[in-house]
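Following this line, the structures themselves.
Below are two complexes that have subunit A in common, paired first with subunit B and then with subunit C.
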Partner chain A sequence: MSDRTEGIREIARKWLGDGTVEAVVGWEQGTYKDKTSPVLIRTPEEADRLLFNERCTNNLMTYLKREPVRGMEKVGIVAKGCDIKALIGLLQESQVEREKVKVIAVTCPGVKKDDGTVPVKCRACDVNTPTFYDEIVGEKVDSSPEPGARFEGLEALDAMTPAERFRFWRGELDKCIRCYACRQVCPLCICSRCIAEKNQPQWVETSPHPRGNFSWNLVRAYHLAGRCVECEACETACPVNIPLMLLNRAMARTVKGAFDYEAGKDPETQPPLRAFNLDDDNSFIL
Partner chain B sequence: MSKIGVFVCHCGENISRTVDCERVARASEQIRGVAFATDYKYMCSDPGQALIKKAIREYELDGVVVSSCSPHMHEKTFRKAVEEAGLNPFLCEMANIREHCSWVHEKEETTTRKAIELVRLMVEKVKRNVALEPIRVNVTKRALVIGGGVGGIQAALDIADGGHEVILVEKDPSVGGHMAQLSETFPTLDCSQCILTPKMVDVGSHPNIKLYTYSEVEKIEGFVGNFKVTIKKKARSVDIDKCTGCGECQLKCPSKKIPSEFDRGLKNRTAIYIPFPQAVPARPVIDREHCIYFTKGKCKACQKVCPAGAIDYEQTDEYVEEEVGGIVVATGFDLYTVGEQGPYPDYRGYGEYGYGEDPDIIDGLQFERLASASGPTGGAILRPSDGKEPKSVVFLKCIGSRHPSKGIEFCSKICCMYTAKHTMLYKHKVHDGTAYVFYMDIRSPGKGYDEFVRRAIEEDGAVYLRGRVSRIYRSGDHLIVKGADTLSGAAVEIEADMVVLATAVMPQPGIEGLFQKLGISYDQYKFANEAHPKLRPVECATAGIFLAGACQGPKDIPETVAQASGAASKVQILFSRDEMLREPVVAKVNENTCIACWYCLEVCPFKAITQKEIRDRKGNLIKRVAEVNPSVCTGCGTCAATCFSNSIDLAGFTDEQIYSEINALMAVGQDLFPEPGKEEGESPDEQAA
Partner chain C sequence: MPYMTLDRTDLPSLAEALAGRGKRLVLPVREGPELFYREGADPAQLDLSTIPKNSIKEFLFPKSEKILEYEYTGNDVVIDDVDPDAGPAVIFCARPCDAASLPVVEPLWNWDYKDKFFNERRAQTLVVTYACRTAPDDACFCVSVGLSPSSDQGSDVLLYPVDDTRVAVRLVSPAGRELEEVFSGFKKGEVSEESLDAFAKEGEQSLADRKRLDKVKNWLEGHFEDPLWEEKASRCIGCGTCTFLCPTCHCFDIQDESVFDGGCRLKNWDGCQFSLFTLHTSGHNPRDTQPKRYRQRILHKYSIYPEKFGRILCTGCGRCVAHCPVNLSLYDVVSTAQERAEKGE
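Coming up: the complex of A and B.
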């Protein structure tokens, strides 16, 4: 990993030195030994704070949508293959201009969660060596996604009756404290005014009552249908451990089945919910 | 406080049979904001409307809910009535207690309760309605007619004679359609070509008609009054302006073995061809699929002989844009073909007739070509296999049609008449021959139609047998036709020299692609749907698009021509005004919250949304947002549904209105999340996620 860290620092130093970018978004050592924090590096001297290791779990693309990064003319960003999927989503939706963002891609053998386990996204990873970037560091890592890993856990949900499934989600969503951490970390939650904060009319009840919790979490899942790149940032951030990725992956599976589309693969393709094709499956209406 | 009037209609007995309308009215009075409620037998009738107008004045109503049928049926009627009483028409809403309630439920307590809830929901909506003013747009007074058969020709001529420009698009190299293929027409036996070709010539030379043959509609944008149409002119490989139509090229073309579409395969044509001598325009086209030069790279015989130098192998498909205000769809029909393969994969069959593969089993249009003076035999009835005169011909009706087991339930309507005509044409040419007809029923309503059939039977001696044929097979020189005469109860076996199948009338194969481009609906067989089966049979539900002829369902020539003139008249009504009023139910973007993801721009089927730049006073770009062109927007709401930042609202269907409707319903629905302490109800499966 140290050669990757060195590679990132070198490119950041160069870009910041010659004015290619105003700042570089990356990871640095966190307050705790086994954690990393996102960091905004503005000078070549600071570049040595950047690092890469198996604890670099955060998806930094979420910073592209907010200030001060949003207002910058040119910005560098360090990214794993999975993070780049989010960038592709943002490019498809015109939230970022490609010329403004310079990507330092890192090949990645997989990261580890706080408890030391390997996240589903790494077991199912098909982008260990990114293909969309400006510069790439690290030696090539071949992808070998574990069969069935991506949608694991969904069979159990499928096996439930609708009433059982409702009780399951009722139990999970009862825990929600409406901190909106899932929204804040999500690189693709791009609205400047969230529907949860719209009050005329107030579609989503704001108190953490199960009714509002259902509204909020379902609206969020629907808004990510065909868009979620499965970076797991929401689930990682959730302080009450709601299995949000089950919802997201169930939507992704439906989109895959109906439109043979996976989010974050190709900036040139149209997301299925805004594209129309005569061959689209219309069995749901006819 | 609102002062809303609720008007509950019985719709004769349509609603009152299962809904207690009087109780609905009484209950409506109790809803907060309702100042007046009443019920009446026919709210849409003159006294019904008068009742609404009187109440508006008397109670100074500021909103109206008519609780009756679907808005699709009578929203316009009631909004007009409300407007006449001095209220903005958009303050009137309909609660559909017919299609959504009385028609689909039994007479039960819950049915009336549901009707009351539907009224309550609409009252809540109307409270949040605002007055809207119609949008004025210009009308482009040019028409597009799609299809150059007799329907398209008639519509084009009528509109053109009315003084408006017409764009006529025909996919084949010539106009004329199926009528040009016919020999004589029922019930007068006048020659089809003699009555059609003058009209074809008129279409070709009319100063107001711009003819695009060998062309197809590629794309349609816009809306009533302002359509923008892209037409694909397929490469003809012949410069139509230089060509004189002398026909030398056809004579010299070495590729001569291509089954002629016009003669329905009974004769061959060349690769460069004029489909038939009376074609308009009488200019050839090169069939690139079969042309030796295009397939093998060598030949150019036509170019060598062409005295005008009109052959152009380099020609490519050309796209032209035309702006029109109204569209007539007259794409016609094709015949269902018996067989294992065919253009209608869903309706294959008839193995019992050997899939019609015997050359002496032909269809009705092939018989027309045999009987036609311009046909492959010069009008002599000769059987295709060996050119002998058939002494016994069996005609089978309802092949495909009225045959649910073959997948088609409808009656093709024209076959009874044309089969009677065929037997007469046959008898007039083969005096010693016998025509047999197997039929299910004889359907001959129409002026002079039944007399015509009687003449075929009584004067020309056609033998009509009521029953179906179970099998056709060849035995030496003959075809053995085995069937039943259900009137005598006897099995029948006929040695036939030729068999003619009256196959079902079907829409053109693949026509749904065009209908989708036009945004018009179609039925299970792909026949285009009219806006109302009785009262608006010529219009499509999509404004500005009209139907003529068999694209809508099986029709004979007089019906097609009548409908075409009807469509032309509708177009001219549309063109009678310089400005058109459009419903102000359009989308609006909240520029503060729009995040410029452009989902709306992509999903808008009408291309009504564009990008707008917001700049400060110095001209610096602040942000980009979506903007709706209200004169293009049709208010379909797709953008509003797609916008995840919730930045688009649809006038008349605002978030506030929808929310209050849902809330009104929630007030009576089951609470999925009861307060702690209260008993938790079992969530019904369909409500649970």
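Coming up: the complex of A and C.
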């Protein structure tokens, strides 16, 4: 993948040198095992810190929502196809201006998790070669999403009775410690003040007890329904290993079934739960 | 003085014997790719292959704990004190960095106010520690903060896995020595004191490349404003992973939860990396950016707490290094500070 690394550095150097962007958000070598770490590069000389390899798991689009990147006039950002889906979501919702963000897309044969396994998103990937970008590096990689991979794990939940399903989630959500890593890494958790942080009135109990944890995790899942691009950042970050993607993919499957819509595909469309059309199907109400 | 050894395969039975009837038993078990300390887990599932992802903190300072109840009667509020939901407990095969966190935080819980919730749990908890033969993870840096892979601080009993089959037992505290009979019931042989010294040396050797962090406090005191904070911590996403996995982080939030005619007051984990942590009612936030919040975390651990309580608020367990979602390594930051101090920068 070194040619990708070289390609990224070359473009970053050029953009930082000629003032196209103020900074480039990319990955650099981390300090723990083979992990990489997000980095903000501000000068052409620093561009050699950037790299791409199969451990570039972080979705860097999350930095678009926070300082100092948020306040910049123009920023470059390195992105895999799955990360670009999040950018499309942000564009649809007017959270960033297209002119502000210059995308260095990188073709990607798939990444690896900390334990060496391949994430579901890579087995189900349909964007190994991104189609939405300003510059692209790397050889073309054909996509061959593994049939059924995306929603695997949901069958087991479907087969449960509601009581069994409740017990399953009760067990999983009991583990939640309310560190909010899921929200903080999520590129599409865009609220500048999350409902979990509002206390006048307090809508969501902040206590990590079963009631508070159900409130928080379900509110987040609902807010991401039809918006989540399945980048798996939340599940990867979760320090107590809650299978958050089962929630998110169950939502995505429902939205697909009800509205034939998939998040992060087309910047010209709108996520169904934030748009209204007179000819929307009302049969479920009337 | 020789020390008794047990068979490693007897550890689950030993755990059960120590817990006896009615004691809570906490031990590390595997869940998916990682280990977690769990209360009530089956001792047969005991897994000692690496350091657990959570610390033992939650068994002394739970993530959410009821500290009082109240009822509204007419125009009055009646407050009922509640006792800690504690009871005798055994933490079996804690790692030395976890056990060592207890004497680090005890002064905090007994400073201007004696926290009966922590103290009661602490008094009733027996800590049986499993020493690390070599550093179990790349993130470990206990030697940097004056501890070691076989440190006995905070432990009642220290178990040394001297080889693949035998575990040597050292009864450390009076509470540990009282249990001599239980341990003797599993005795299979003996090892010399020298072999435990050799064990300890091997553990320290495995961390020989870690820096001593003895100049960090000095450096921090002169570098409240420094480009380092922006350089390292602009990647911080402001979650609570590092603080909540940390065995020594102890900040909490008070929440009142009411229903109709009364409610309860809860003490919940809180973390300095959250933007709300220092947000004033006026809307002003003295730590208004992530690098400032990250600086606070480092200052508290390596300067403010040592100043006040004489100990670094860190045991080098490395969880904040290994599990940070963006690989912002505390060790990287403090060892950089140490390097700069050594160079006189």
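The working rule: the second predicted complex is superposed on the first by the 277 of 286 C-alpha atoms of A that agree within 3 Å, B and C clash if a C-alpha of one lies under 4 Å from a C-alpha of the other, contacts with A are read in each partner's own complex, and residues count from 1 in each chain.
Note that a contact is a pair of C-beta atoms (placed from the backbone, for glycine too) under 8 Å apart; a residue touches a chain by one contact, two chains touch by 3 or more.
This one's a predicted model, so the numbers in the text were calculated from it and none came from an experiment.
Enquirer: Putting subunit B and subunit C onto subunit A via the overlay, clash or fit?
Expert: Here subunit B and subunit C can both sit on subunit A without a clash.
Enquirer: Looking at A:T236, would you say it contacts subunit B, subunit C, both, or neither? Reply first, second, both or neither.
Expert: Touch status of A:T236: second partner only.
Enquirer: With the two complexes superposed on chain A, say which partner A:H209 touches: subunit B (first), subunit C (second), both, or neither.
Expert: After superposition on chain A, A:H209 lies in contact with both partners, subunit B and subunit C.
Enquirer: In the overlaid three-chain picture, which partner chain does A:Y180 touch, first (subunit B) or second (subunit C), both, or neither?
Expert: second
Enquirer: So, does A:E93 touch the first partner subunit B, the second partner subunit C, both, or neither?
Expert: A:E93: touches subunit B, not subunit C.
Enquirer: Which partner does A:T31 reach: the first (subunit B), the second (subunit C), both, or neither?
Expert: second
Enquirer: Based on the superposed arrangement, let me know which partner A:W169 touches: subunit B (first), subunit C (second), both, or neither?
Expert: After superposing on A, A:W169 lies in contact with subunit B but is clear of subunit C.
Enquirer: Nearest approach of subunit B to subunit C by C-alpha atoms in the superposition, in Å, rounded to an integer.
Expert: Minimum C-alpha separation, subunit B to subunit C, in the superposed model is 6 Å.
Enquirer: Residues on subunit A in contact with subunit B in one complex and with subunit C in the other?
Expert: Correct list for subunit A: 209.
Enquirer: Hey, which residues of subunit A end up touching subunit C in the complex?
Expert: 30-33, 35-40, 58, 62-63, 66-68, 114-115, 177-181, 183-185, 197, 205-209, 212, 233, 236-237, 239-241
Enquirer: Where on subunit C is subunit A touching in the complex?
Expert: Answer in residue numbers: 31-34, 36, 53-54, 63-64, 138-139, 234-235, 237-241, 243-245, 253, 255, 257, 266, 268-269, 271, 274, 276, 289-290, 321-323, 325-329, 331-332.
Enquirer: For the complex, which residues does subunit B have touching subunit A?
Expert: 513, 516, 592-593, 595-599, 602-603, 642, 644-646, 655-656, 659-660, 672-673, 682-683, 685-686, 688-689
Enquirer: State the interface residues of subunit A toward subunit B in the complex, per the touch definition above.
Expert: Its residues touching subunit B are 93-95, 161-163, 165-167, 169-170, 190-193, 195, 198, 200-201, 203, 209-211, 214, 218, 223, 270-271, 273-276, 278.
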